[in-house]
Amino acid sequence: MAVREDADQLVRSTDSQHPANLICELCRKFYTLGWVTGTGGGTSIRHNDHIFIAPSGVQKELMQPTDMFVMDYNNRQYLRKPTTLKPSACTPLFLAAFDRGAGCCIHTHSQWAVLVTLLVERDFGTKACFEIERIEQIKGIPKGRGKAGNLGYHDSLRIPIIENTAHEEDLTESLEKAMEAHPDTYAVLVRRHGIYVWGDSVQKAKTQCESLDYIFQLAVEMKRLGLP
Amino acid sequence: MAVREDADQLVRSTDSQHPANLICELCRKFYTLGWVTGTGGGTSIRHNDHIFIAPSGVQKELMQPTDMFVMDYNNRQYLRKPTTLKPSACTPLFLAAFDRGAGCCIHTHSQWAVLVTLLVERDFGTKACFEIERIEQIKGIPKGRGKAGNLGYHDSLRIPIIENTAHEEDLTESLEKAMEAHPDTYAVLVRRHGIYVWGDSVQKAKTQCESLDYIFQLAVEMKRLGLP
Amino acid sequence: MAVREDADQLVRSTDSQHPANLICELCRKFYTLGWVTGTGGGTSIRHNDHIFIAPSGVQKELMQPTDMFVMDYNNRQYLRKPTTLKPSACTPLFLAAFDRGAGCCIHTHSQWAVLVTLLVERDFGTKACFEIERIEQIKGIPKGRGKAGNLGYHDSLRIPIIENTAHEEDLTESLEKAMEAHPDTYAVLVRRHGIYVWGDSVQKAKTQCESLDYIFQLAVEMKRLGLP
Amino acid sequence: MAVREDADQLVRSTDSQHPANLICELCRKFYTLGWVTGTGGGTSIRHNDHIFIAPSGVQKELMQPTDMFVMDYNNRQYLRKPTTLKPSACTPLFLAAFDRGAGCCIHTHSQWAVLVTLLVERDFGTKACFEIERIEQIKGIPKGRGKAGNLGYHDSLRIPIIENTAHEEDLTESLEKAMEAHPDTYAVLVRRHGIYVWGDSVQKAKTQCESLDYIFQLAVEMKRLGLP
């Protein structure tokens, strides 16, 4: 199948809710939150059979809709491939989330996420999940795929942690294993690296990512203050 | 009484001081302050007999005036109810503040507020208030309803803390009890959750909320540095 | 002398460098820096014989040029007094700075300033100044009134600290004493309150205020990390 | 050679990618990141044989293209010299980076950079480099001049630290020595002062500067939490 390198109609739209526009808007927001410092992190949206993916190695706050890669979800072929840009190494990880029903997947290098992976390792070893309960913001996270509603205040939030690898794409297998071992999770932490968060929709992925980051920051601050 | 779902004239105005516009502007500001991360927090304004309330479960920084719920203060019936949105679970708590004369009530998930509730519990037990004195910013908080002027530098600022519950609306009873036990307070902290702050006007609620957050942050930083 | 309450020509100008416009722009910036939280802090500019002063008790990030008070420097009478606003309690302190040649004076409630006053008190007692040396940013502070150039890297920066009082205007006497005892200083810290910083021009007052805040933050972070 | 003081055509362009426009945009961004507080820091771009340099002693977030100095790279003479501004004392340091192939050089007073120089000194002495490994963001830094690709997750990132001097220009010799001793580095830390970061292009210098700052912040936070 020929890749249409000039398939601009896939990413040009005056609708602010078009995936190519949304990814740019999200990444500008994530930049100010310190989640995509340098050229780190990435974002992908599935819209019907089209996967929109931010390119690798670019300044995320300056991205334009025409920088987007577009892939056919069914055959995993690129429908649009900007010639001067590199596709994201996160692509197989985003696809793993879409295969489990996600509509959007966000990858950040949030320092709070990195710090909790280090704190959990030190205190509970490399096999442990991040686990927290009795914090109101937990209610921002859904119970799990196919389950109605969000976690309650007395529920325990568990986020699996996988070990980092030399190459981003090599995380795919352990990410998928973590997804299978924790079928209710909407996020996987990567030690010394960051986090992958996904959701049924763009709004859900984004707000869940924010809620988790809030919880990680609070957990780090509690540790610092010697709070249990 | 029939709910007018299309009662758009209640929320459409070119006046930036219209409650529906003010709530959107405040929430954008609160988002950048980290107070309404995810879809957390909420804001409500009473204008004569109309209560304007931000909906539940939305991205607070993207809210539009047409997302607002409007309630009749006297009979507690909705005058406007956007069909695709859920009313805020904070509504009975906002009403409790309006019943005590407030013109605006703000609910945030500020991490500084959450951290002080944890520090107070650890150091003084679950019955204790947050209490601080001799910090200039205390002068940003009024003495109490019906009392002229603000607290002085040598006054003690006391904010009651209530325990969190599984459902937001179940906080109403303990919030009302705290309001009765502390008739001069303009705020109630909720353990592991956040804070409710109200004021005579929108400006007062907002600036009191800022002053309190400043004080909570300072109190946490002082603890960290081992300052008394 | 009659106060011209409608003396709008004193504050209306399309020139972005007009004092009434500059105060508004500065205060918006200071708000995002957390220096004028709530309605705290204040700013004043002397332009020839006119003193422009931000009002008391307003949201500093929303101020408009028409909110400004204007005073005649020579006879200390108001030339413009917005009827619905209160003059700033900082006015006599600003005047003390203008009497020593300042062109602009800034008062903030910066938490870093408050924290260093507490750290100095704990470690060196209530008589001690804040003192630091061998930090590059010290070079952002001038040597003193009538002296050419800025402090060098090997110079010691000393900022006097005065005790807070119940009423802002009662700080005037001790501020003036600190100015006399430290004739080279361009700033006075107020314990548990904040700081007054002035400079020959608006640009100098603003950049010196930023440099000092940077230095205070660094000093607090060094303390936290156990650095000398 | 005569300096053309009015050589405005060198800095006036409607192209947002023109060096004079880029420096202004970068400095506004750096201001919000706290890297160029007061009038600290600086930025320079080499474009063919022209060196564009931000002036000394100005508010970096307010700079205009017409504030730029322009130097001929070959003979080191100014082609444009704004009469009311002072050339940057960082100029010889920027030139040292350009002599090693850089297209852009950024100097910041980042507090995280300053803090790591102090932590390294305390823990390993004045001869030690900053060194870190196994943090994903290391992959944002190239392997070295003339080497293909970026550092890997298992590589060690080393940034030399030089001692501060009384005058910025006196850093040139030790900066050049550090560049020779560490031919692969794209940055040199200056104790108690900040950092110089350069890159092949504007984008690379900026994103490498962000990645390093992220890494320094993480290193400080890890120290605070007692993490190794």
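As written, the chains take the letters A, B, C and D, and residue 1 is the first residue of each chain.
As a working rule, a residue touches a chain if its C-beta (ideal position, glycine included) is under 8 Å from a C-beta of that chain, and two chains touch if they have at least 3 such contacts.
Bear in mind the structure is a predicted one, so any value in this text is a computation, not a measurement.
Because subunit A and subunit B share one sequence, their contact can be compared position by position; here under half of the interface residue numbers appear on both sides. With chains reduced to the mean position of their C-alpha atoms, the one farthest from subunit B is D. With rounding to the nearest 5, the Cα superposition of subunit B on subunit C corresponds to a rotation angle of 90 degrees. Inter-chain spacing, taken between the CA centroids of subunit A and subunit D, is 31 Å.
The set of subunit C residues that touch two or more partner chains comprises 224.
If you draw each protein chain as a dot and join the dots that touch, you get one closed loop, with every dot joined to exactly two others. Shown are all chain pairs that touch, namely A-B, A-D, B-C, C-D. Listed in rising order, the residues of subunit C touching subunit B in the complex are 34, 37-40, 59, 109, 111, 114-115, 118-119, 122, 164-166, 190, 192-194, 220, 223-224. Listing the residues of subunit D that touch subunit A in their complex gives 134-137, 140, 152-154, 203, 206-208, 210-211, 213-214, 217-218, 221-222, 224-225, 227.
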